[in-house]
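Take this structure, written in structure tokens, and hold onto it; I'll ask about it next.
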Amino acid sequence: MSAVTTQDLTKDFLTGFWRPVPKRALDCLTLEVPTGGVFGLLGPNGAGKSTTLKLLMGLLWPTRGTARILGLPPGDTAARQRLGFLPENPTFYDHLTAEELLSYFAGLFGYRGEARRRRVEYVLDLVGLAADRRRPLRQYSKGMVQRVGLAQALVNDPELVVLDEPMSGLDPIGRRDVRAMIAALGAEGRTVLFSSHILTDAEELCERVAIIARGRLVAEGRVADLASRHVTGWRLTVSGGDDEVLARVVPGGTVERLADGRAVVNLHGETRPEPVIAALAGAGLRLESVIPRRESLEDVFVRALNGDAGDDAAARAGRGEVAAR
Amino acid sequence: MTPTLRRIGLVAWHVFKEGVRDRVLYAIGAFALLLVASAILIAQITAGQDVKIIKDLGLAVIELAGVLMAIVIGVGLVAREIDRRSIFSLLTKPLPRWEFVVGKFAGLLLTVMVNVAGMTAALFLMLTFAHFRMTPEYRAVLDAPVVDPRLLLVMVMIGAELALLIAVALFFSTFSSSALLSIVFTVGLYLAGLLSQDLRRFGDIVDVSPAVAWVVQAVGWIIPAFSAFDIKSQVVHGLPLPDGFVPMTLAYAALYATALIAASVGLFSRREFK
Amino acid sequence: MLRGLAGILVVAAGIGAAAAVLHARDVDGPLPIPAERLLYLRSGQAADRLFLNFDALAADVYWMRAIQHYGRDRKSPRIEGRFELLQPLLDLTTTLDPHFNIVYRFGAIFLSMDPPNGPGRPDQGIELLEKGLRHNPHRWQYAHDIGFVHYWHTGDYLQAAEWFERAAAMEGAPDWLHQVAAITRAEGGDRDGARQLLAEILNSGEGYLVSAAERALAQLDALDALDQLAAIIERYREATGQRPGSWQDLVAARYLRGVPADPTGVPFAYDPATGRVSLHPSSSLLPLPQGMRHD
């Protein structure tokens, strides 16, 4: 069973006070997040990621379409019992301590007495806030607040963890810690669904991603599949030999010199590296590294967005709309 | 205890905890205590009327402080959660929205009542002090006993008034996204409610067209009648209250507040959080 | 949609039930509203300080209360303590807002009205207007109103003439005031003189006084009618040797065309035992001004 499924999920927001006009934030999103593992929902700012997550959480009502979360409709109390949610840039109550906040939320999940105390202690430890548990939240740094946010999402030992931009606004150390926590959650067999506009995070963490732009799904699949379909070449680093030798040995590639005297040979397109490596060895050059140049998620992303933009422009032209508004 | 009651209790307890740690509450409470204490000073310069003045001023200040707390904290109950986005975390917990609204109401009621009780204790302390400074002959000529248990009846009525006011503040804060607007609405309705008795008697005004009188009187009946809870002067002067007056007033407050909370729940359950 | 409608109905029913309880409470055992409650502050000066910057607003509230008090007591059958709060309320209102024009003028008329339409305290009415003059010395209207109250309610025509003259001498006073003053001095207490005075007031278009003047004119007409009826009864007695038994006798004998009625349409009362004619006790023109002689 999938952790999350959506079918034609659509959301219009009314904008304008006097004469509200609907503005489409999410357009017919059909998506499936399998149980277990880390799933990334990617897209530029304003693409509809937060809208999607809030629809799943029952904070917004869909204009059209349906969503199921853990097999139940969004907002169902039984589903909420089994999931955790970290909103974007959370802030909590000024006058509570981390311990009090988590204890409050744990109570809402039905933890009582000793079990409640132990659970709070456990998640505080998990996010590394055990030492600061008795300080009021208003004294916390941004990174610490984000950890509290993670802790409150995990306080009920959820099957499904939904994180909205969990890494945004954090310093490099903070990002690394959060990344490690997400990876650990995935490794424990929970389903993690997170949104991000930062692709390197997703590339490292996710098995699968969905890319949305302007409210529409533009690509979806395993990260390996999405990227490796487009191997663009190889990069060989060698030392020794001069440009003349290299040019002779590597007819199909380009050569560049590094500052330390080593050379980088770039092979493009369908050129296979094996014959080149054999030739390099034959010419007495020392091979230092061979790296396949795969298309990164960023390339996929940019291509997807451009393609979508092209479609969009074409669609507009087809409907005869004036593009310059 | 059922899970529902437990969750409502948790929300209420949280409101109370946040409330009593808020500086606003301290400010109002300190101001009120200062004023109640100053009644002693004022009483010194109004020969012979000191007990009446202490009671008048004390009761008025307690009511006013309660009103301020109810409005200032009440309109922020939901607005602040939305501002700080903590509402996203809270409402995705297994907490039905109606429990959230009822919990908020109960929590603020608890907060305000604890404060009112504290101020009442201070007032009684002062009255006890005044009691022992007076000669028995002097005490004998007063309208009402110095330490008058009927003052607690006034407190019960003030409590009912504040419960209704909290329901009004909560109602506005459940659909308005601006705390300032909620304050304006709540204060406006409170002032109108204080004048509601005059509105209900509008027909007594000579030379007004029946249609106008009808409309004004209807408004007088529909808006919450905050003026209906005032028995201060009645009690201070030791005058009797009609039978059933207090229970009927409490029933009024309970019915009206329940209707308002139901409306708040209805509106809040449909609300979206962008 | 349907659920929303049902919700609105439930809430409306709740508020309706609450209002019903409140209504039941106020009918069942209303809190006695002693002076204490309406006039928690008897001293206008204390109130003035207490209300800080909002004394004008407080004045409005007290003015509304004054009108309500007047209206309620006028409708109520009670005798004791009728209108007893009118003067303190008006005094408080004008202390809070000394330039509250309408309060002086309406208030003085209310206060001067004879029972059962008012407390019958022209002295308080005049006091209120004099207070108004102290705070607004340029208002000739107040002097004029004092003259009117003297003329109509205390019957002191000399004072009335003096006040009309003072009003006429004030800046901005209309010319007809001289006329009014002259008539009052020459023919004070005389019905024709009074008619002329009232006609001037009617023509002056002083809206607030017009209804009072109209009523006064109707009373004058009633007085005239009473005199004429007394004369007719006398003639009947001379002709037949006995008093008529009822109005019907006079109609049958063709002394009258029908049962005579006062200007408000209420038939006059006739007592065959004494032969006296008077206004019917239910007539709104009662009580008639006394001492208004016929020339």
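Letters A, B and C mark the chains as written, and numbering starts fresh at 1 in each.
Here, a contact is a pair of C-beta atoms (placed from the backbone, for glycine too) under 8 Å apart; a residue touches a chain by one contact, two chains touch by 3 or more.
The model shown is predicted, which means the values in this text are computed figures rather than measured ones.
Trainee: Relative to subunit C, which chain's C-alpha centre is the most remote?
Mentor: A
Trainee: Name the most central chain, where centre means the mean of Cα atoms.
Mentor: Central by C-alpha mean position: chain B.
Trainee: Would you kindly tell me how far, in whole Å, the mean C-alpha position of subunit C lies from that of subunit B?
Mentor: Centre separation, subunit B to subunit C: 42 Å.
Trainee: Can you check how far apart subunit A and subunit B are, centre to centre, with Cα atoms defining each centre and the answer in Å?
Mentor: Distance between chain centres: 50 Å.
Trainee: In angstrom, rounded to a whole number, how far apart do the mean CA points of subunit A and subunit C lie?
Mentor: The mean C-alpha positions of subunit A and subunit C differ by 84 Å.
Trainee: Show me the residue ranges of subunit A that touch subunit B in the complex, using the header's touch definition.
Mentor: For this pair, the touching residues of subunit A are 13, 54, 57-61, 77-78, 80-81, 83, 85-96, 100, 104-105, 107-110, 149, 152-153.
Trainee: Quick check on the complex: what are the subunit B residues that touch subunit C?
Mentor: Answer in residue numbers: 195, 198, 201-202, 204-206, 221-222, 225, 228, 231, 233-234, 237, 239, 241-245, 248-249, 251-252, 255-256, 258-260, 262-263, 266, 270.
Trainee: For the complex, give me every residue of subunit B touching subunit A.
Mentor: 3, 6-7, 10, 14, 17-18, 21-22, 84-86, 88-96, 272-274
Trainee: Applying the document's contact rule, which stretches of subunit C touch subunit B when the two form their complex?
Mentor: 4, 7, 10-11, 13-15, 17-19, 21-25, 28-32, 34, 36-37, 40, 61, 64-65, 67-72, 74-75
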